[in-house]
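Structures follow.
In the two complexes below, subunit A is the common chain; its partner is subunit B in one and subunit C in the other.
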Partner chain A sequence: MINIFSQLMMDANKSLYGLTIEPQNASKGPVVLGNGDFFIEIPVAFGCAFSDLTLTGANGTALPTAAELIDKGIETGVGSRMCNAIKVACYYLEAGLIAKPDMIITSNSCCDSMTTLGILMNGYKPWADVPKFTMDAPHSFDEESYRYFGQQLRNAVTFMETATGRKMDWDRLREVCVESNKQRQLLLEFQELKKAVPCPADPDLARQGTEYTTWTFDRVTPTVTAWLEQLVTATEQRVKEGKGIDGVNEKVRFLWQDLAGSWASGTVLARLQKELGAVCIMDYVSYATWTPIDLTSEETMFTSFGKRFLLEDAMNRQALHTADLFCNDILQIVKEFKCDAVIMPAHIGHRDTNSRLKIVRDVCRENGIPCLIIGMDIWDKRYMTPDVVFDRMKTFFEVSGLI
Partner chain B sequence: MDVYDIYIEKYAAAVDEMYAKGRKIKFTQVPSSISEIRKNICVKVGEKGNSGVILREDTFIELGNPEMGSCSILLYTDKPAMLNDGRITLTGPDINDSGVNNLSLDEIMNAGSLHSNDKDLAELACLSKNKKEIQSFPFAQIIMIGGKELTEKDFDSLREILIVGDQIEGYMVRSFSENIWSRVSKHAVAKGFNFETLGKALMILFKSANPKIESMEVGFVTTNKDDISILKEYSNQIQKISKEIVKENWKIKGYEIDCNSDCNTCDDKPVCDDIREVLKDKMKKNRT
Partner chain C sequence: MRSGLKSEVFEKLAVIAGSISNPEVVRWKQQGGRVIVYTCSFVPEELLVAAGLLPFRIRATGSQSAGRADDYFEAANICSLVRHCFNKILTGEYQFLDGCVIGGGCDANRHILDNWEQSEARIPFLHRIFFPHSSGNLMAQNFRNQLENLKQLLEDHFGVKITNEKLQDAIVLCNEIRDLQKSLYALRKVDNPAITAAETISVIVAGYSMPKEAYKADLTLLLEELSGVTMPEKKPVVRLMVVGPGHDEPSLCDIIETMGGAAVTDLTCYGGKTLFGSVREADPDPLQALADYQVIDRPLCPKNLDAHPIINREVMNKIKEYRVDGLIGQSYLCCETWSGELFVLQKELKEAGIPMLRIEREYTSDSLGQVQTRVQAFIETISGGLL
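Our next item is the complex of A and B:
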């Protein structure tokens, strides 16, 4: 059935196609190439394209040729347990399929695979003459860290100015930040609405909204703001009417403490929702804690950027910091969003998360929260097929007495 | 358990300083026992106290929207006498003083218990035309707890009580990191919800959840961003202390959550070096 929500999903998905290799290669310059999250408001205000090779690789795993691309990635010689999104990115790079960028900005971001990709990009011989800048992300979250990383981002702006001979338009940056603040507020609003029981709209819209806002060609534009406003207004209406997701008889609410990857949403999670009434209320990308960018001065702006990058962006929050923050987020989400269970997909490429599995299990046990650890590959369904993941989760919900 | 004592004193000094600056300060004394507090509170408190999400259009006021300034502090001590049990201190305007521009005239008139005056009602008549922007107060919440038996080990459980969720009718804490950002519904305000109500509700939740609590004080600051930033500075220092407590508590459970060591000082470096050599050899063999 086509309703406002499916229409919104289609709009966002269309836009996500832009993250695949061909549209990325066709980006109009100057092009900054990165290996993970960059503070996207900066290139938008600077008037240049930002292409995230990690995302291009990740989107490769959603193509019909995914298996072939992953296998070619393995042939480039990277570790077999490395994240498959990165393997595809490595293949694209080593095979010379990525258009030469005007500059490269990398960082030691949240995962070892991304850092490896950054090293590969920086050492790629055909791009020896491309100007490069590496940011240093501290693994801590306090005011000093935000200021420190904010300064790294400020230095990145200077680097971009030197590399292109252009100057940052500070008024434009402010304008972009105002739009960004509006969008984050709306995403937070949608997040709050997911607390309603039954959940009023497919929670996956939060993930799609975040990706639409941050990663696509439409990022930080009024088009996305209008999309978000529509989403929130339609969802508020359903909360008022006490309605849940169309065609879903909600019985179980669970937290999926990882990325949904390229195949889980459309297969396992959709099937669980439809067949068992088990709704995935939250995942890594949709959990939002964004603080608005403080526009008081240039310094406060960049400190806000630093905070958002280090503590509030998807995956950086979960992967860059301590097990304590990770576990507290789980407890907070379970309590506030009334989740009945925690699913740890334990994606094979997320070694940071996998090192915490026992801790999470202990914490869940202490707090009486049913917890299932799977051990799958969110980019490669050959590792554990969607049917197997579905069956495991179904059995888990049954033995936990949730269905 | 005295690591936070200095900040309990600092908060008291900060309130004195704000008073000296001419800020409006209101002290309320409520009974010690949970049952006595419950007798005199206008909203439901406890599991599912709040029936659902507070929508934008049902919001009377937001507290601590980060653009306005926000701060949440939890302090505790094993010297219950340091605190004046049952005291709620409000520095700055109360919810009812926030103007009534988000409430319709009918809602005000029907509520009865709202302490509105003629000026408020006149203002309302002008402003109640569905103003879309939600009004927001800068907001600091300081919870101070005393109990002879409280130790560092109680930190996790006290921190968890702070996740209020849906336990206070007409009050919703938004999911947010570090600071506090909440909403008060028009319906709750119509029933008389104010900071005294919020303070009482928090006392009920904390005292019910942890029997070791012998005394509790709650402070709210709603004046301006500058006053909040003074408290925010304390909060940053307090967080450093709390992080150390958290680390120790994890250590007791057998986990080292914050690894400060580097490879050059690690006792296990020779083991890692050996593994690395074995892997190198293996890779070389694979290549040939």
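Our next item is the complex of A and C:
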């Protein structure tokens, strides 16, 4: 049955398809190619397309040909233990499948694998003449760090102006920021509504909403704002009616402290919800901590950009910083969203997560929170199949007395 | 592999490099000195020397297991260098240390601090600095600010005053040592050097494990001894260069030399990459001079997105300077940034007609059987003129 939420999911997914290789290559220039997140309001206001090659690789692992693409990535000879999303991106690059961009902007956000992709992009011979700009995302989150990164984003604008001969329309940038603030506020409102028990709407909509707002070609447009408004309105109605997700008898609420990746949502998480009433209330990407961009002056704007990028962009928040922040977020989410358990997928390509599993386990134990560490590949289901992940989680919920 | 070198000073340095605690550290501690351990070559030793501390660069010499560290770092997905070093900390082999500065170069490395703070081996002075991931004046300024902060923390914790004069003296001392180490490296430009690559590694590693003044004196003496040594004529089959991350034990070079090759130079985090150029002396802002050296001047860590052209240029220079026939790009499993760097480098070298063997390995010698087979095949291929 198609309800409003299913319709919204389909709309978002249509836009997310734009992150695969063909639509990206069809982008009208000038095109900026990155190895990870960039402060998206800037290229939008500048009137240029921005593609993130990591996302293109990650979306490759969602295609029916995923296994073949990953194997081709392995055959390129890039590091054998590299994250598979990066391996696919590497294959796309090495096979000459990515259209030559007009500019390349790379940074270390948010993990070593993505930095490595940046190295590959910057060293890719056929693109030797493409203007390049690199940025240093510090592993710290304080006013000085926000100013430091904000300054680099300001320099990125100058770089784009020089590379294209265009000028940034500062009024347009302000308009885009206003729209962006509106969208982030709506995401926060949806997040607030997710606290209701039972959860009023499929929580995966938060992930899709964030991706739609941040990564797709529709980002920071009124189309996305309208989508978010519909989402919030429909969810508010559900909360008023005290209804949960259609067809789900909610018994367990859990935090999935990683990306959902390319296959978990449609397989493991969907099955858990339907068969066991175990609802994934939150994941990495869904967790919204947005604060509004301060439009008082150019300086405050760029410092706000720095803060958004370093602290509020979901993946940067979880991957760039200390174990303290990571664990505090876990405790905060568990408390506020009434989670019964924490699942650490521990994606094999995430060095940062794999470096702090004991800390997470200890923190959960001290706080009486059941915690399961899996060790799966969120991009390649051959490493640990959906059935195995499902069984492990089911057993964990059983032995924890949650079902 | 040994060259047959007979030198008391070399034997002394080899003993220091062959273990973690060593007679020089023991003597330093007995005299009331304090030792600060650090990770990554971009942590400026000069600042630690100016604080009157003995900087000791972390390594896991002789490690057989990372068992206790594997509770903290997932063994299958984290590089063995980080795990084995942290294991040494947990098992008490670094009991002599009074503090640590983590150079947060990569994701695993920077989390050493988080894990250390949570462990029973926790110590009062644990600090982390971050190497910028791109280069330029803004980044050098940011790094300088981090050094200023570290300076303040060192002063507060250790009750010392780090004056500009002390910093300038430390810069001069470390530059002198760097120059001596460059002279040591230069000995291997000839076909029959007085010192092998494995022996050179021991000498370099010792320099990160003992007081600087004493090391300078020992290295000066060793170079004097080596200058008078004449070796029998022996042309190696191939002259190889090693490129990659921390390379603090001689096993790979031993393999190369046992197979008839010669490891004539390297660009690794423990070796050649640390010997580049000099820090500006007598700069009114010595912290800025240190920051500029680390962020702009010297070959960078591939975690820095601007590193590749500089690494490439240095490799090409050394290939000419040392008459290199081929490269061995070695990295540890799960070291992603070096994997990417070596991937790009290999393509460029191929275009330039220079063969390169890529090896992913573990820190310990357990995996060296496979490495030996591959190195042997590589040397045979080059020497047969097949590449």
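Please note the rule applied: the second predicted complex is superposed on the first by the 403 of 403 C-alpha atoms of A that agree within 3 Å, B and C clash if a C-alpha of one lies under 4 Å from a C-alpha of the other, contacts with A are read in each partner's own complex, and residues count from 1 in each chain.
Quick note on the criterion: contacts are C-beta pairs under 8 Å (C-beta built on N, C-alpha and C of every residue); 3 or more make two chains touch, one makes a residue touch a chain.
Predicted model, so just to flag it, every value in this text is computed and none were measured.
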Message: In the superposed model built on subunit A, check whether subunit B and subunit C fit or clash.
response: clash
Message: A:292 in the overlay: touching subunit B, subunit C, both, or neither? Say first, second, both or neither.
response: first
- request: Return first, second, both or neither, reflecting whether A:351 touches subunit B, subunit C, both chains, or no partner chain.
  value: second
- prompt: Looking at the overlay, does A:164 come into contact with subunit B only (first), subunit C only (second), both, or neither?
  reply: neither
- prompt: Does the superposition put A:143 against subunit B (first), subunit C (second), both, or neither?
  reply: first
- prompt: Does the superposition put A:322 against subunit B (first), subunit C (second), both, or neither?
  reply: both
Task: Figure out whether A:362 sits in contact with subunit B (first) or subunit C (second), or with both, or with neither.
output: both
Message: For the three-chain arrangement built by superposition, which of subunit B and subunit C touches the greater number of subunit A residues?
response: C
- prompt: Looking at the overlay, does A:236 come into contact with subunit B only (first), subunit C only (second), both, or neither?
  reply: first
- request: Could you tell me if A:25 is touching subunit B, subunit C, both of them or neither one (first, second, both, neither)?
  value: neither
- prompt: Is A:225 contacted by the first partner subunit B, the second partner subunit C, both or neither?
  reply: neither
- line: Shared subunit A footprint, subunit B vs subunit C, residue numbers 322-324, 359, 362
Statement: So, in the complex, the side of subunit A touching subunit B is made of residues 142-143, 181, 188-189, 191-193, 195-197, 236, 239-240, 288-289, 291-292, 294, 311-312, 317, 322-324, 328, 331-333, 335-338, 359, 362
Statement: Listed in rising order, the residues of subunit C that touch subunit A in the complex are 71-74, 76-78, 82, 104, 106-108, 110-111, 114-115, 118, 130, 132-135, 138-139, 142, 145, 302-303, 305-308, 331, 333-337, 339-341, 343-344, 346-348, 358, 360
- request: Could you pull out which subunit B residues touch subunit A in their complex?
  value: 52-53, 55-57, 66-67, 159-160, 163, 165-166, 172-179, 236, 239-240, 246-247, 250, 253, 255, 257-258
- request: Under the touch definition given earlier, write down the residues of subunit A that touch subunit C in their complex.
  value: 76-83, 106-108, 111-113, 115-120, 122-125, 134-140, 144, 148, 151-152, 155, 319, 322-324, 346, 348-352, 354-359, 362, 375
